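Just below sit the structures, each encoded as structure tokens.
You will see chain A twice below: alongside chain B first, and alongside chain C after that.
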Partner chain A sequence: MTVARVDRPRRAPAAAVRASDTGARCLRRRRRLTALAFVAPLLVYLAAFYLYPLYRNLDLSLRDYTVRSFVAGDAPFSGWDNFRTVLGDPTFGPAMRHTMVFTFVSIAFQYAIGLALAVFFNRHFRLSTVLRALFLIPWLLPLIVSASTWSWMFNSESGVVNYLLHFLGVAPVGWLTSPTWALASVIIANIWIGIPFNLVILHSGLQNIPGELYEAAALDGAGAWQQFRRITFPLLRPVSAITLLLGLVYTLKVFDLIWIMTKGGPGDASSTLATWSYQLGFGTLLPRFGPGAAVGDILILIALAFGLLYIRVQRRQES
Partner chain B sequence: MKSRTGKRRHTVIGLLLTALMLFPVYWMVNVSLTPQRDMRKSPPDLLPLHPTFEGYRAVLDDQLPYLGTSLLIGLGTVALTLLLAAPAGFALAKLRPRGTGALGLALLIAQMIPGIVMAMGFYGIFLDLGLLNSWWGLIVADSTIAVPFGVMIFTAFMSGIPGELVSAARIDGAGAWRTFRSVVLPLSRNAIVTVSLFGFLWAWSDFVFANTLDGGGGWKPITLGIYKYIGNNNQEWNAIMATAVVASVPAAVLLVLAQRYVAAGVTAGAVKD
Partner chain C sequence: MIPTRRTLMAVATAALLPLTACGGGSGSSGSSSSAGGTYTFWDPYPQFDASSDWGRRVTACGTAAGVKLKRTAYDTTDLGNKALLAAQQGNAPDVMLVDNPVVSTLVEAGILNKTSDLRLDTSSIQKNIIGAGTIDGASYGVPIGANTLALYYNKKVLTAAGVDPGSVRDWASLTAALKKVKAAGKKGITFSAINTEEGSFQFLPWFWGAGGDLTELDSAKGVAALSLWKQWVDAGYAPKDVLQNTQTTSWQEFATGDYAFSENGTWQLGNADQAGFSYGVINIPAQNGGSAPVPTGGEFVTVPVQQDTSRYAVSKKIVSCLTSDSSLLATDTTLMYVAPTSAVQSEQVEKNAELKPWVAAVAAARGRTSGGLGTKYPTISQPMWTAVQAALSGSKSPQDALATAQSSARKG
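Right after this comes the complex of A and B.
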């Protein structure tokens, strides 16, 4: 962006020599029209395929839809009724709580493990680049692949997780089938998927910490832990903030993984706002689009709150 | 001397950690090769000592159309994304029309909207227009995942192209379109590769839009192929895992061929350099 600003004064004198004042204005207008022509397809696209679906979703949440009126498009306006229904639903409390637990526990582990790995891989040993690349695999796999693999690994009778626990003398756990463990299971799978993202971003943040700082600290007799606490962690704080907030926004809206592994069940044991919204709208033979869309709206509000916080932090770091 | 053994120890620990991390991937491959009669064996075979390809035969028999559809949808999404994002990135980076800042903010926010919300909105629209269960409707929906990201990558990359090159083309009499096509676009190869990679991977992996908008048609992507497998015959896990292995191939290929672009894409937008 600085480049664009640098070349502007250079162009301006050339234009002034060639044209009079009105000519320059004409030229500027033409340039503005050219720029508009380049972004116009994007603007049309955003209006048609972002704003309009969002508007439709909002519209859904404010009307009393049935399957018939959904097709006919003549559902009566019902104001906040759908939101009242949703807030009064016995699933709302658990879904909200599970969303928060899922998000924050996932983020905490992803970040801690990602940071530890980033520090480890920053030591440039043989194969470190190759191994770091291999760590990306879980993040690149289609979610349905990871979700179905974990489903089978968590199988209560034939799953490899219970087999490994058996070695440690732990009795078999009904990972996906018991209400106690369903949420924990999807969290574990989600942590696994999110580690690479944290590793890559934090690792690139570590690259920007000058090596001399560590050398000086080592001369002063600081050990590895001291160096981490006094140098790495404080200097990594801006990158950490960005990583955590971005992870938060992404984790809030996780749907595929939970839906494929447990469908939010058993009962509501692992349902989050995302899966509940989908369950209401598409999960049954009798769809309740209105309440489903209302839950979606609530989810957007939460995501935007963290999203705006992210944008603020990022802007402040840039200036 | 001491530091060399230290380094070697690091390599050993690194190998162990990687093995631990990739165990689920290994397990997916192992199960895909396990004969059906050994599937419920306790303890399970940790190595594929009696490998069978019956799972992969099932993939060939059942899943080829799904794979073809996914390929088509992935490529279509990439084309649509590049077509929209590259010119817009050029405008935002070099022409800077009024409202550039606001548009950048809108793109950032667009990336935070949950997929299920978009899916529900699209469902209503597609129902009205009769676009449900069409492959190109799914391309449009999938592109919404990649377009904001693409514009941001192109803007960031093209901002780094020296302004002198652009003004030199201008002085030689090239219009904005010629400048974009003949100067800026050829220089933006890295951005094109990064955006294409992620656009393809996201479209290939998409489940939410596919399951919502394309559940009943003849053109279903591979994610639905796997999902249907899990739902229907949830006993034949070697077939399910074999499909999962095949569905992972694009991710693996991209990682091998274009690792630095992948890392660039992950960090883009998150870290200022």
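Right after this comes the complex of A and C.
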């Protein structure tokens, strides 16, 4: 606060200013510095928690780090070698494919189910608030709890899912132990976790749609489906776009859920870029920081590409 | 990139602000670490808190050396990475207890002192146990104890199935026993084939028991070992969830009392007494009879490199205290480990006859990083556990899985 008061002498008569020109310059400089001082906390925060980690990651991915050079800090610059290693690795293709399948299938279901539930709860029936609150539970649980619970439920020997299937006369499924089901299992768990997020945002979006539109539509003889297709869905588009984008970025980097449930296994049947990056960097006794960071960079690039796509779509909508 | 640079410059300017504008006094009062009496100690035993036997032993060794020893416990898999990061930032602990296969990685990173440089006496320690911490003829740590794997069996289940545990001498007789157990309506065997180092650790007795060589994963011998496991899972002698089992969850399955055998370690002996059924222990059989070579487990006490070399004198006292004969007996009893010296081993067996098969197993055990493998081992282990997973889950045949593993191990 004391700094702000320094500004006041600026209002001094012009003659005085000319008299001490150097003093005014000093004041102007101080003013600019004051402004910077106010922005500084944010800039320091951004630099410390965004720029520096990003820079470190890029640095790791462009150097040939061994455990020795990691400690000594003298890793030689190796250009695109780490990226070449990663792209040429037989794990890359499957990991990329799994990341895409995981992300898009998760988002499609999360969005569809979230939207259906949002429309459902928008009708304000008795207990709707309570029920809606209950739907938030997956979101409130720590991920380690929900992921462990899912992995117990999906256990091939003693899991409750196979127990239920047994009652329905279906042979037990190796949810987390068969290469055909492992990815599906983690996707199911991830959909469950992501529904509340979609529900909450879409529900708040729905409340911004004026009720008169529906009344008018009803008078014109539009049925429930027509109302949804012609009013709800188009008016919800901006909210949908941001929900989908946030969901995408969030799902691309899902790591903990998969790591807890399958560790990317069996083999690499459910490994995504995120789990593979961790596997390379920390999953073995001999860390390979370079390739691990390179996979991380690729993941950031993908997220960035989708972010830019979103901005472009948004601009086009606005114009 | 330009906006980034501009932001960076702005940040730099902002940071310099107090200096340029109104040049205040230099307020940084050099808080020199007055840690004269405090030494740091890391171990991978988060299960023991400060009031446990182990926690008290560590504190006592610090007191005996005339310093306050600050102990921090990390998860085993976490400890190696934490050590590398700490070394990079120049604040490695004074004394560190690490899992034996990690030693070679840390030596490769150049952050451990040789025991000979510290003049620690390691002559009484069994060669095969200290082997895991020996690189190019120099040892870099003192083993605190050793553990290894054997087969626990449930006496009741075996009796009901009409199997004599003494008849299990090779793979064929073991598989025959599992078949009988399954026919009697019980479950055969549990182990851990998870996609981490634990999975490799558990697979090695079978791999080595077939005569396999880690530098040649896809030899006929390696394929035989993996085929044995696959055969068990396919026939239902072993549950499908071995793919997800850690050694702990595998033990929990055995503790239900439904399973005839469990491949597990010395450290479960304490739990075995609480399991509520009578059990026995046999050595893991090799393919054609006899005991299979098993991998050594257990931790090494190491002294990371410090800038202030005057600290080594106290660190050495702490290490000697933790690894002295009297201390080893108490420590290894607490941890349920087999002592690394034959003198203490015989004392242990005298006190607890159950340890006898374990002492024999440890004597026949091999270090994973021994035999000149060193830091090559991690680059072999990871493809190996991936191959085990691929074969058991049915996505590849044992032959194909190991061929893939071998080609990626060769790439390093």
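What we mean here is this: the second predicted complex is superposed on the first by the 275 of 319 C-alpha atoms of A that agree within 3 Å, B and C clash if a C-alpha of one lies under 4 Å from a C-alpha of the other, contacts with A are read in each partner's own complex, and residues count from 1 in each chain.
To be clear about the criterion, a contact is a pair of C-beta atoms (placed from the backbone, for glycine too) under 8 Å apart; a residue touches a chain by one contact, two chains touch by 3 or more.
These numbers were taken from a predicted model, which means no experiment stands behind them.
Contacts of A:282 after superposition: both chain B and chain C are touched.
By the document's definition of touching, of the two partners only chain B reaches A:311; chain C does not.
Shared-chain residue A:71: touches chain B and chain C both. In the superposed model, A:157 makes contact with both chain B and chain C.
In the superposition on chain A, contact is made by A:39 with both chain B and chain C. When the two structures are aligned on the shared chain, A:143 is found in touch with chain B, with no touch to chain C. Which of chain B and chain C touches more residues of chain A is settled by the count: it is B.
Look at A:301: by the touch rule set out above, it reaches neither chain B nor chain C.
Applying the stated contact rule after C-alpha superposition, one finds that A:266 touches chain C and leaves chain B untouched. When the two complexes are laid over each other on chain A, chain A has residues 36, 39, 43, 46, 70-71, 73, 151, 157, 282 in contact with both chain B and chain C. On chain A, the positions that touch chain B within their shared complex are 1-4, 6-7, 10-11, 14, 31-32, 34-36, 38-39, 41-43, 45-46, 49-50, 52-57, 59-60, 70-71, 73, 117, 120-121, 123, 125-128, 131, 133-146, 148-153, 157-158, 160, 163, 166, 192, 195-197, 200-201, 204-205, 208, 239, 242-243, 246, 249, 252-253, 255-256, 259-260, 274, 277-278, 281-282, 289, 292-293, 296-297, 299-300, 303-304, 307, 311, 317-318.
Those residues of chain B lying in contact with chain A across their complex are 7-8, 10-11, 13-15, 17-18, 21-22, 24-25, 27-28, 31, 39-44, 83-85, 87-88, 90-98, 103, 105-106, 108-110, 112-125, 127-128, 140-141, 143-144, 147, 151, 159-164, 166-167, 170-171, 175-176, 180, 201, 204-205, 207-208, 211-212, 223, 226-227, 230, 237, 240-241, 244, 247-248, 251-252, 254-255, 259, 262-263, 266-267, 270-273. Here chain C touches chain A in the complex through residues 4, 7-8, 10-11, 13-15, 17, 20-21, 77, 80-81, 84, 87-88, 101-102, 105-106, 108-111, 194-197, 239-241, 243-244, 253, 375, 377-379, 381-382, 386, 389-390, 392-396, 401, 404, 408, going by the rule given at the top. Looking at the complex, you find that chain A touches chain C at residues 30, 33, 36-37, 39-40, 43-44, 46-47, 51, 66-68, 70-73, 90, 151, 155-157, 174, 176-179, 182, 262-269, 282-287.
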